[in-house]
Structures are given as structure tokens and as C-alpha cells.
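Scrolling down, you'll hit the structures one after another.
In what follows, chain A forms one complex with chain B and a second complex with chain C.
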Partner chain A sequence: MTLHDPEIALKATEQPDATPLVVIDRVSRAYRKGKVAVPVLERHAMTIAAGEMLALVGASGCGKTTLLNLIGGADRPDAGEITVGETRITSLSDGALTDWRGRNVGFIFQFYNLLPALSARANVELPLLIHDLRAAERRARVDNALNLVGLEDRADHRPEEMSGGQQQRVAIARALVTDADLLLCDEPTGDLDQDSATRIMELLSLLNEEFGKTIVVVTHDPNVAAYAARTVRLTRPEAV
Partner chain B sequence: MRLVSLILRNAARSRARVAFTLGSVVVAFLLLGLMLPVLRVFDSRVDFADANRLMVLNKASMMRPLPISYGDRIAELDNVSDVGHFTYFGASYRDPGNEIPAIVTDPAKFPDLVDEVAFRDEGTLSDWQSDPSSIAVGRELADEYGWQEGDLVPLYSSIYTRSDGNPVWTFRVGTIFDGATEDSVTNSVVIPYGFFNTERSRGKDTVGWYAVRIDDANAAEVTGEAIDAVFENSPNETATTTERAFAKSFLNQIGDFKTMIGAALILVFWTLVLITANAQMQSIRERFGDFAVMRILGFRKRRIAGMILSESLLMMFAGGVIGMAVAAVAVAIVAANGEALLALLKLDWRDWAIGAGLMAGTGLVVAAVPATLAARQKITDGLAEAL
Partner chain C sequence: MKTFKRIRTALVISLRGLGRRWWASLNSVFGTAVVVAVMVAILAIGAGYSEAMKMAEVDDAYMILKGGVRSEMESTLEGPDVRLIESELGGDAAAEVYVVTSIEDSEGEPVNVALRGIGTGSVDIRPGWTLSAGRMPREGRRQIVVGKRAQQHFGGLALGDAIRLGSASWTVVGMFETGGSLTESEIWAGATPVQDAFDRPDAYQVVIASPQDGESPQDMQTRINRDDRLSVSVVSMADYYGEQARAMERFVSILGYGIGSLMALGAIFAALNTGLGHIKTRAKEIATLSILGWTRSSLTVALAIETVLMTVLGGLIGVALVHLIFDDRLISTLFFAEDFTQIVFDFEVTAAILWQAVAMALVIGLLGSIGPAMQLRRLPVAQILLQRR
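For the complex of A and B:
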């Protein structure tokens, strides 16, 4: 089932299966601070099942966001391999990795990262501009995504004209519009009040349960982590 | 939304800055559009000067005359095919401040010696050549004052009075001549030497300068030296040069005007371009976070760089075309109301081509660094900047 199925609201729930979607094999990543290498991930290994909703928790600097970026192909590991579906993304060229990311991954950030000059509709449409789609098809997809997050009546508003919760829902619509299987959420409720945070997490749960999206959520908040079927706690490696 | 729309919306993110940046570009290209025709007119004056024509001037000063007898002696020299003479009349019409170019010469030789003019009416040409008190008038001047063949025209001379002391000379319009090319100037009056020489109160049997037609332009220097050698140690020594060299030296004498205009143009233009570049780079730098988001959404580096280049080119062409269009209107107004060289001013296709080249070049230069930086930055760094 896809988001762009016209009978989307009538479809039955798809249950997550145990097939691994993401395989992280002894991945290491360190950052340099002057001459000192600061390891963030050290031979980290884990698997994320297709259709799973996973929470990554841990202290600040333990590598949650780094791991999320590595899974999504926004960063490259110093060592190790990452496979998503059938694709070993660590072996892809820069251009191929960009194309893969555009087709297969939806990103949701703490501060929404919407383009301020664009309306909600244009922000959601943005990832589709690089796909070979007709304008009518793009419009239908954007309408679907905005309907799903309940923002069809705010489509022509710019980010500055919307609340934080609404902006985050636009960001979720943008992540959904390409029908990516994998949604990577970095502190998606970190900038929101409790009510807005609850609505966002219920929306993500819906996407996981109803549409089988594989969702990885980085969070400090136990209440947010509670929405996930599984929680992985990361610890910070020793500095070298 | 299309990519073009995305570029436009991104470019217009800060409307005040876009307005000021666009304004700078408009002013830069307005200046360019105003100056290029002026520079070309300077060049054209030099280009029109004939390499096959020598000018023989009084060595002491170009304002001092030469004897009329020199003409026959010059004509006897090798490589000389024809000799004519000219004298500046210093004419004005209606009031002394309204000066018009007027020269005195031999009507029989004038049509052959001066290629820049064309006499289309053989009947009136011979009328002018046979009537010593008639003048030939350029088409622009005739049109300006409504003169026609047969009209009597009083001209005031600031240099020569008639034998009775009267500075006003009345001539009959014998013929009207046109320009040989579209760029030729036809705003002058040509007065027959015979009548003028008989009637003037002083300076009889002298001329202002000689124009010498030569067969071989490559031997111009040798011929010039030969002419000057003939009159060496005489009371009126000569200084001979090609018309082209004279035109250049004349322009140099008024302070190398072209170079000064060109230097000022380049300095002001590039100052404005640097201001624009700074504003553009700042604008792009502020959007590195947005570009990182676009990268993470699947936009390739090349596409990001292309968008930045397109935005910069759009800014340059929008401002540049507006600036040069305003300049074209201004130049046309000046040319319509101006006289002499000003009447030649025109923003033509060559100026537009230079302008378009500078718009494209500047747009690319301005965008090159930020486009490269935006494309090369790591997504994670860009996202960190967006916070």
C-alpha cells in the first residue's frame, strides 16, 4: 500500500514484518576537534526491521543524530557498512547516494527545516521537483500528503505564518510525499509544546501502523520513546 | 511549482536586499550603456580619418596659416595624387554663441578629396562649383534650419571680416550634400575659397592646412617627411601627419578623454559589481542551511550549483537589461537634441552584445564561489548552520 493510493483511508492496517530494512555493520564515525579525534560511533552494529518504529535514545553526544544521518546517507561512516533494503549505501557514489536518499528516505528535523520563502504546498512539493513527474501528479501527491497531516487548509501559508506543530506536520508531509519507506526523525517534538508533540507522535505512529513506514526517532524524551516498539540506547565511546 | 519558480522565490527571499542589489546592477549597466556609445564615437572619429590622406599644418602652430603657393609644390612630390586646402571660417548663425562648423576650400576638389560626403544632385553641385558666393550645406544642418538651395544665409565669422570690416558674410545655398555612410556627419558648411580670399580683409592667399591624397598609405611617413623637407627653413615650416594620427593626437591633446572615460567606467562598473557580488554572496551564504535541506531531499550538488548560478544570472540580466534599456532611451534623447558628435550617439547591437557578455560573465563570476561552497559543503554542516 502506498500513500498515493486513492483508497488510502479504507485500506487495512499492514503489520510490520521481521525482514531487516536497515543493516548497520560495525560502523565507526569520529569527528575531529583540532588534532583530537572524537569517536562518536565505534564499530556500532544493529538491524532495523522493515515496518518497525524504533527510538534511539542516549546522552547528548552519544551519536544518535550521527547514526540517523549515516542511515539516511546524509553522512558517511569512517568504517563499516550500511545496507538499506537491497542497497549498500556506503558503496554508492555521491550522486547515486543523493538520488537514493531522494527516493527512499524522508527526514524530519527538530526545527522543521522548511524553506522560509516557500508556502507549505511548495515545501512539500520540493522533493518531487527532482522526480520525473507531471505537474498534475505532483499536485495530487502534495494534496494527499497535506490531507494526511491535516493541513490542507494551510497549504498556501508560509512557515512563518504557522505554529511549530503545523510546521512540523508540513515537514512530515514533505517526508511522506515521495512515498519513502524509511522516515528518520531527529528530535521531532523537541521544539514543540506537549499537545503538539502528542499530535506529532500520534501521526508518526499512524504512519507506522497504517502505512507500514519504518520510522527511526531520535529523542531525549521518554514519552516520545514510548511510542516506539523498540528503544535502543546509545552510549558514547571513549575518546582516543 | 517548477525549478524556475523555486529559483525566483529563493532569490526574492529578502525583497529589500533584492531591490538594492538589483538597483546596483541597473546603475552599473546604465553607466555602461551611456559610456559605450561615447567611447565608440571617439573611435569612429579616428576610424573615419583617412590613412591615405595627409594633413600639412604650420609647424609653429596649427592655428597659423600656410601660403596658398605651397599647394603646387606639394603636388609635384612623389606619391602625391591630389592636394586640397582648408581654412577654418569660425562661423556662427543668428547669434555669436550658435557656432556651426564651416570650412573654406576649393569647390572643384572638395567632392573628390573628401570621401565622407556625397553630392547626389549633380545639377546643384555644378551650380555651387560655378557660383563663387554660394555654399554647400550638410543635410543635417539644412534640415535643422530649413535651408534650401537658393536661400540666402548670413554667417557671422569670429575670425575673418570682409574688406569693409563687416564680420557677416551672406552666402547663397548652392547645394546640399549628404553623408557617404550612415555615420557620416553632415552638419557643416563648405565655403568657396576664391570668393572668401578675395573678400576677406586679412590673411589673403593663405590657407589653414593642406589635405594631401597619397597613392600608397604605406609610404605616408616618407611622403610626409618629403613635404616637410621642401619647406624646411622657410618662414612657414610644415608639420605633416596622417589624418588618423592627427585625429588621435587631437584627442590626446584634450586629455586622453577616451582613456579617462574608459578608466572611470571600468572603476565605477567594477565597484558596483563588487558591491553586487558581496550582496549576492551574503544572500547565498545565508541560505546554506536551505541548500543542505535540499541536498538531503535529493538535490544533487550540480543542481544546487546550477540554481545559484541561475539566480545570479537572473539578477544580472534583469538589472542589466533594465539599465541598458534606460541608457538606450537616454542616449536617443541626447542624440535627438544634440549636435555634432552628440548626434552620433547610439546604443547599437555592439553595445548590447558587450553588455550581455558582461552580464553573463559577471553573473558567473559572482556566483562561482558561493555555488562551489554550497555544493561542496557537507550536509551535516549545512544543517547545523540552519539552526
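For the complex of A and C:
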């Protein structure tokens, strides 16, 4: 079942299967601080099953966000391979990786990253603009996504006219609108009050449970991590 | 196709956000507008001047000056010599007196003006010359006909006005036109009254003559100088005024392009600064689009197009400003290349100047977008997306 099926209103009953969606094979990534290489990930390996909801936790600087960016093709590893679905993303050219990212991954950030000049509707529509879709289909998809996050009545509002929780829901709708299987969330509740945070996490759980989305959440918050079926704790490698 | 779509959508998204950074964009637009306006204004003066000079050229008319002399102002031909020349050339010649005298311009400031004392053939030898009002001066009387441009620009030259030129008072009896050429800046009178008023008895500056079929200026000069009593230089009117026009054109081009280039350098830095400012203020937007599937190349091209659009808009505003301020205005300047008389001509924005202005705006935009484009390519997208602002 996909988000844009006509029967979207029906509750899906599919359960996550054990088929791996993301395979991380001995991935290393270091950043340079002057002449010193600071390793963030070293020969890291893990698998994320399709339809899984996973929390990445650990101390600051342990590589949670780096790993998330590598999985989503927003960054490249120094060594190792990452395969998502059938695609070995570490072998893709920059252009192909960007294209793949736009089609297959939905990103949700702590600070929403909405375009301030655009309405909620236009922000949600953004990822569709570079796909070959007719305006009517784009509109239908945007309406579906906004309905799903409960913001159909705020579609014409700009980000500055919405609360943090509402902005994050717009960001979630934007991540959903391409019907990407993989949602990568970096501290999605880090900027929200408790009530809004709960609502966001319930929404992400719904997307995972009802729509089979594979969700990886980076968080410091044990309450957020508790929504995930599995928690992976990362540790910082030794500096070289 | 996909790349084009990415560029187009990135550009549209960026333009929709213009309202949020209007001040920086306005800076770039008006920076370019000023540069282009200055360059267009200077080049249009040069073009107007050249056009006036070209129109003063008369096909098949040669100017006979004193030997070794290249300008009317330096030339003196005594009466007996002029009569020998006229007899050699036959009927198609007109001896003229050329003096520079002072009158007041429309604001009461003293300016030099060319007063030409003409002979009977002077009008016939200039086919574009027409008497547009009044009549020609009567033989031996202190009466003048005034060029249209001189009449428009200088004061006290309406029909019937009396004006002091040299030691005498003159009455304006007519007005002439030559299609906007340099000659329209002159005042014409009979040769003899001019000689009398300026104490130049029986002396002329130039003889204007039509050549025989196929005769070159050099041929005519040789023919006249065969008489041992004469020593003249012959130059075609086209060459005479063409040389003056080229000198002015060179000067104005150097001035226009020189000042324009220096100012353009400033405008390039302004565009660059604006572009860098845009990258800074739009880092989040650019990073967001990048993470959503827009390639760096498409975002870079969209940024360059936006910068160029801004500067070209500025260029068009610059041209429009020049038109609004100067269109239909007459420019008066010293004809310094020859004799420091004041000449009046149209401000002329030619199609070539227009294209040069647009090209300059384009170059400003392109060069101004290189720095921001390089910065955009280095933007740490993943880091920016983690920041609050």
C-alpha cells in the first residue's frame, strides 16, 4: 500500500518484513580538523529492515547524524558500501545520487527547513516539481499528504504563521509526498514542546505501522527512542 | 530535460523569495543601471557627434585650403589667390570666410560660434541645405541666416532679432536646416559684410568646389598648384569632417569604455557581493533544495541566471533612464578638434549602443555570479540543514 493509493483512508494491516532495506557494509567516515583526521564512523556495519522503525542514539559527536546523512545519500563515506533497496548508492555519481535521494528518501530535520517564502502547500509540493507529474496529480498528492498530517486547513499558511509542531508536520508531509519508502529523521522533536513532540512521534509511528515506511530517527531523547522497535547506540571511534 | 526543469523550478522558487531580499537585489539592479546609464550617455554623445559630422559631409565637394594647412581656422586665402582658383575651377566654386565669434547661449553664458561668410555658390554646393524660414541675406547687408540647432540652443537668434557679432550689429533674417548636421550649429552671412565686420578685407579661409568627373582631391590640388602663384591643399569634405568625427569618436570611446569599464568593475563587485549575500541568506533554501533532489549544477545555473536577470534588468533601467533624461535633448559641446566653436547635436542612443549596454549588463551579471556559484558548490549542505537559521 502506498500513501497515494485511492484506498488511503483504509487502515493498512501489513507488518514490517525482515527483508533488509538498508545494508551498511564497513562504512568509515572521518572529518578533518586542520591536519587531524577525526573519525566519526569506522568500519560501521548494520542492516535496517524494510518497514522497521529504528532509533539511533548516542553521545554528541558519535556519528548519528553522519550515519543518517550517509544512508540518505546526503554525504559520502570515505570507505565501505551502502545499499538501499536494489541500489548501491555509494557507486552512484553525484547527479544520480541526488536524483535517487529526491525519489527514495524523505528527510525530516530538527529545524524543519521549510522555505519561508512559500506556503505549506508549496513547501510540500517542492519535491514533486522535479518529477514528471501533471499539476492535478501534484495537487492530489499534496492534499493527501497534508490530510495525513492533519494540516489541510493550514495549506495556504506560510511557515512563519504556524507553530513549530505544525511546521514539523509540514516537513513530514513534504517527506511523504514522493511516497519514499525511507524516512530519515534527525532530532525531529528537538525543537518542540512535549505535546507537539508526542504528536509528531505518533504520526511517525502511524506512518511506520500503517504505511510500512522504514523510519530511522536520530535522537537524544529516550522518550522518542521508545517509539522505535529497535535502538542502536553508536559510540565514538578513537581519534587517529 | 530534467536538468532544465530543475533549473527552471529553482529559478522560480528563488524569484518568489525576492521580496524577502529586495534590498540586496535592488542594490545589484541599480548598481548596474548607473554603470550602464553612464556608459550609454557618453557613447550616445559620441554617436550624436559622429552622426552630425557624417551629415556635414557632402559627396562630391572638396575644400581648398591654404597649402600645408589642414583646417579652415588656420587657412587664409587672399582675394587675388581666390580669384585665380575660381578661374581655374570655373563656376562650381564658392569662396567662404570662416570666423569664430562670441555670442551668449540660452543661459547668458558666452560661447564661441562659427560665422560663415558665404559666396553665391555655397548653398548649391551643399545639396541638403534648405532655408526653412525667412529669406537669405541681401548682398552687402549685415544680415544673417541661422542654423536650426544654433537657433534652438543659443539665445537671441529668432527671426528679426538683432545680435552683435564682431564689431557690428546683425539682423536675423532667416533660418536654415541641413538635416541635423554640424553646419546647423553655424551662422551664415554674406562674405563681404563678414570680412568688413572682422577686419579681414578681401581674405577668405576656404573655397568649396565640385570636382570634375573622377577627379581626386590630389588631382585637383595638382591642377591648381600648376599655377606657380598658388599653393593650396585640397581635401574632400567627407575626409575633412570624417577625420574630426573619428578623433571625437576615439576620444569618446576611450572615455565611455574607460569610465564604463571602471564602473563596471565596481558593479561586478556589487553583483558579486549581492550574490554572496544571497548565498548567505539563502543557504538554508539552497541546502533544502539540494537535499530534496536539485543538483548543485542546476542550483548554480539558476543562481547565475538570476544574477544575470538582475543586472540585465539594471541595464535596461539604465538605458531607460538615459532616454527619460536625455531623449530629444540637444547636446552642445566645443568642437575642440578644430577651432573651439560650440557645436550642437542630437543625443543619439543607437541600436549598437543599446546592444553594448545589454552586453555590458550581461557580462557584469556573469562575472558577478562566478564567486557566488563557486561558494554555492562548496556549501556544506548537511551541516546547514542542522542549523536553526
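The working rule: the second predicted complex is superposed on the first by the 239 of 240 C-alpha atoms of A that agree within 3 Å, B and C clash if a C-alpha of one lies under 4 Å from a C-alpha of the other, contacts with A are read in each partner's own complex, and residues count from 1 in each chain.
Here is the rule we use: a contact is a pair of C-beta atoms (placed from the backbone, for glycine too) under 8 Å apart; a residue touches a chain by one contact, two chains touch by 3 or more.
Because the structure is predicted, anything quoted here is derived from the model rather than measured.
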Clash or fit (per the criteria above) of chain B with chain C on chain A: clash
First (chain B), second (chain C), both or neither touched by A:Phe107: both
Contacts of A:Glu125 with chain B and chain C, given as first, second, both or neither: first
Doubly contacted residues of chain A, that is, touched by chain B and again by chain C: 69, 72, 74-75, 94-95, 98-99, 101-103, 107, 109, 111, 113, 115-118, 126-127, 129-130, 174
In the complex, chain C residues that touch chain A: 2, 5-6, 9, 13, 16-17, 19-20, 284-285, 287-297, 381-382, 385-389
Touching residues on chain B, where the partner in the complex is chain A: 1-3, 5-6, 9-10, 12-13, 289-290, 293-301, 303, 378-380, 383, 386-387
Residues of chain A that touch chain C when the two form their complex: 65, 69, 72, 74-75, 94-95, 98-99, 101-103, 107, 109-111, 113-118, 126-127, 129-130, 174, 186, 191
Touching residues on chain A, where the partner in the complex is chain B: 69, 72, 74-75, 94-95, 98-99, 101-103, 107, 109, 111, 113, 115-118, 121-122, 125-127, 129-130, 174, 178
